[in-house]
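In the two assemblies presented below, subunit A is common to both, partnered first by subunit B and then by subunit C.
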Partner chain A sequence: MLFALANKSILLSTSFFVILILTVGIGFGQTGDSSEKTVIAIIWIATALSSLLSIKEMFQNDFEDGTLDFYMLSAATLETIICLKAFTHWITTNLPIIFLIPLISIPLGITFYHSILISLVMLVSTPALSFISTLGAALTLGEKGGNLLLSIFILPTFLPIIIFGMKISILITNSIYDIMAHLILFALSLICLAITPFITSAIIKVHYS
Partner chain B sequence: MIKYRKNIWEFANPNNFLRITNKITPFFIILTIITLSTGIIWGLFFTPEDYRQGSSVKIIYVHVPAAFLAINIYFMMFVTSVIWLIRRHHVSLIAAKSAAPIGFIMTLSAILTGAIWGKPIWGTYWAWDPRLTSFSILLMFYIGYISIWQTMKFSDKIADLSSWLCIIGSIFALMSRYAVFFWDQGLHQGASLSLDKKENIDDVFYFPLLLSMAGFVFLFLTLLVIKIKTEIQKRRLNILLSTGNT
Partner chain C sequence: MHLIGSSLSCKREGKLIFSELNFKVSSGEICWIKGPNGSGKSTLLRLLAGFIKVSFGEITLDNKKITNKNDVIYENFFYLGHNNPLKSYLTVKQQIDFWEGITHTKYDLELDSFNLKNIMDLKIYECSDGQKKRIGLSRLTIDDKKVWLLDEPTNSLDIDNIEILKKHLKLHQKKGGLAMIASHENFIFKPYKDIKLTLETPKNLEKDPFF
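After this line comes the complex of A and B, so read on.
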C-alpha cells in the first residue's frame, strides 16, 4: 500500500482509466452512437483493463528482492498475505476508479442516480477482479515478458464478473432494479475470496519447489 | 496366460504405455476409418432432408461431434492435470498437453460449422447467444493453455503452472457458462442428444449421428495416442542429447 502510494501507481491507474474512457468515448462519439449502453460497456472494459495494468507489480518486486521468501517463512500463512495483497490492489486501483465513475459518467450521458447505482455495483464486484488478478500475478511470476501472457490468461477469467456486472448495469439504466442484483455480484466476490487465495498460494509454492 | 494388472496406474509408466499403445494404435486407426467414413457418408448422402432446414441439416454430423468433443476434451484436460498435480504421472501431463491443440481445433470447427449453418437458418453467421458466447470463452481458455506451452521452455515448473492454469480455466469457464445462461436461454436449440430426455432427434438422423460421434471420438483417441507417443520419444531424445549418452 505504502509502496503503491510512493510509486504513484494510484495516479497511474486512475489516469489510465480516465484516458481510456475518454479515447474510447471519443471514438464512439464519431460514430454517433453514445447511448447509455455503450458508456456502460466502456466503463466496465476500462475497469478490467486498468486493473490488468497493475497486476504485474503485485508479487514481482517481492519475488525479485526476496521479500516473498520471508513471507513464506513467516508465521502468517501465505493465503493471508495474498488476501492482503489483493485488498491493497483493490484499494489502490479499483477504489479510486469507483469514486471517479459518477464524475466521468455524468458528462457521458448517464443520469446521476444511475451512475451512483453503477458505482455501487462496481463496489461489490471489483474485489472479485482483484482476487482473480492474484492468480495471473502468481502464474507469470519471474517471467520477463509476461505481460502479454498475463492478459491472455486473465482477461477470460474476468468474464463472469464482466458479464454479470454489465447485465446488471444495463438493467439499472432500464430502471429495472433490484437489490438482489448487487447480492449476486457480492456473492461472486465472496466466491473468489474463498477460492483464489488457496490456488494462488499453491501456484506461488510451485515457483519455490 | 494374460498377466493380470493390478490397477490403472500401471499405464502411467511410459514404457508400459508405449508397449500397450503400440499394439492398440492400428485398431484405433481402423476403427476410426470405419466409423467416421460410414457415419459421415451415411449422414451426408443417405439421410432425408429436414422439412424446414433442407439439406443444411446435414452439417449436424460434423457440428455436434465437434462440439461434444470440444467440451469433453477440456474436461479430460482438467482431470489429467489434477492427476499430474496429485500423483505426478508424466503420461497424464503429456496427455493434457497433447489434447489441447486437438480440442482447440474441435472448438474452432464447431464454431465455424455452426456459423455456416447459422447463415441460412438464423440469417446471421454469429449472434451473442449464450451457447455461442460460452464456446468463444472456451476457445479463449484453450488459447491460454496452448500459449503457456508455446511461450515457455519445458520444465516441471511450467508443467505445474499449466496444470493450475487448466484448473483455473475450468472453474472460470464453468462460471462464465452459468453467467451467460443466467439471463436467457438464447437462440440455439437444446441438446440434440441426451440420455435423460424423451424428445431427441428422429431415429433417421440419430443413428448416423451416433456413428459419426463415435468416429470423432476414435479420431481424437488415435490422434491423442500418436501425439503422446511422439512427445514421449521427443522427451527421451532430449534427455539423451542433454546427457551426451548416445
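After this line comes the complex of A and C, so read on.
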C-alpha cells in the first residue's frame, strides 16, 4: 500500500537537495565566508525547499484521477490516508536527505560527530514538515499552478521548526548538545502528527462540497 | 434497502443544475439516469456519493438521512466516475493489490471476471482505454458495496465486456444491491426494470436575488 502511495520523486528531491547545497556552497566559497553557521543555514533551508518540491503531488494526482473519491468511500478513514501520505512523503524526501547530511557536511567543514548529531535533530524535526505540508497540499487541491501559492502558504509555517532546528544545530557545532531542545523538536513533530491529519481531512471534505 | 431522494435541488456557481428531483430505488433495482450532456447526470451521482452538497431536499438510505453529513462514512456506496482511478506508473497487478489492501477483499483470479489475467504484468500506461476501463470495473468485485453509482461505465468497452458488466449487474441485483447508472447507451439496460430520470438543461438563476 505504501508502495502505491509513493511516487517516483525520491531521487528528484534528493538530487535537488544536493545540487542546492553545492550551488550555494560554491556561491559562498567565492565570498570566502564559510563559517559553520552559514553551512547549517544552507542545510536547513535546502531541506525545507526540497521538502516543498513534492508536496503538490500528495493529493493532486489522486484528486484528478478519482482515487481520492475511492478513499472517501472506503472503510479507511481519510485521516489514516493522510497520515500514510505524510509518512510516505517523509520517507521519500526527508529520510534520504538525513542520510546524506553527514556525507555532504564533512566537505563543508563540520566534523563527523557533529554532523551525526545534526542529522539526529533532523530525524525528529522533519516529520513535522511533512505533516504541515499536507495542509498546504489540501488547501491548493484542484488549483492550477498552485505550486507557487503552496510555497507562499507553507514556507512561513516551516519557520518555527527551521529556527529551532538551526539554533540547536549551531549549538551542536559549538559542542553544546541540548537534549531538552532536541526533545522539544520531537514534541513539535508529535503535535503535528496529532493535529494536522484532522485539519487536513476537514479541508479536503470542505473542498469537495 | 431503499434509496430515496425527495425534491433534490443542486445549485453550483449560481446555476441551478436540477431541481425538484424525486426518485425511489429499492434493493434489486437498477436506475438509469438519462439526460443530455451537461444536464447534471454526473452531478447527481457525485451528490449521492456525498461529494457535493445538496442545496435543497434530502436523500435517505433505509430511512436514515444522509444529506450533507460530512462525518458519515459512505460505506455503502461504490462510485466509479468517468475518469478511471488508476495510477499509470503501476502494473495492473500492483493496482489491484493496492485496492485489495484498502478494502481487505481479494480479486478472484480463478474466476477472473474481467479477463485481466493476460495483462496483469503490463504497466497501466501501456494498456488501451478499453483495458483501463476493465481494470476500473474490476474494482466492482473487490470493493463490495450495496449501492453502485456508475458514471458512463460502458465508455470504450467492447460488446463482450458490456456483456460481462451486465452479468455483474445481474449478480448484484440478485444479491439485493441497487445501482444507479448514468449512461447515454440504451441497449445494455433492456432486460432490466429501470427508472428513468430525465434531467432538464441547466437554467440560469440570475433572477434569484438570494443566491
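The rule we apply is simple: the second predicted complex is superposed on the first by the 201 of 209 C-alpha atoms of A that agree within 3 Å, B and C clash if a C-alpha of one lies under 4 Å from a C-alpha of the other, contacts with A are read in each partner's own complex, and residues count from 1 in each chain.
Going forward, a contact is a pair of C-beta atoms (placed from the backbone, for glycine too) under 8 Å apart; a residue touches a chain by one contact, two chains touch by 3 or more.
These figures come from a predicted structure and were not determined experimentally.
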Which of subunit B and subunit C A:G66 touches, first, second, both or neither: second
Partner chain(s) touched by A:D178 [first = subunit B, second = subunit C, both, neither]: neither
Partner chain(s) touched by A:I195 [first = subunit B, second = subunit C, both, neither]: first
Which of subunit B and subunit C A:A76 touches, first, second, both or neither: second
A:L139 touches, of subunit B and subunit C: first, second, both or neither? first
Overlap of subunit C and subunit B interfaces on subunit A (superposed complexes): 202, 209
In the complex, subunit A residues that touch subunit B: 132, 135, 139, 143, 149, 152-153, 155-157, 159-160, 163-164, 167, 188, 195, 199, 202-203, 206-207, 209
In the complex with subunit A, residue positions of subunit C that touch it: 49-53, 68, 70, 73-75, 77-81, 83-87, 89-90, 94-95, 97-99, 101-104, 139, 143, 145
Of subunit A, residues touching subunit C in the complex: 1, 3-4, 7-8, 61-62, 64-67, 69-77, 202, 205, 208-209
Complex contacts: residues of subunit B adjacent to subunit A: 137, 140-141, 143-144, 147-148, 151-152, 156-157, 160-161, 164-165, 167-169, 171-173, 175-176, 178-180, 182-183
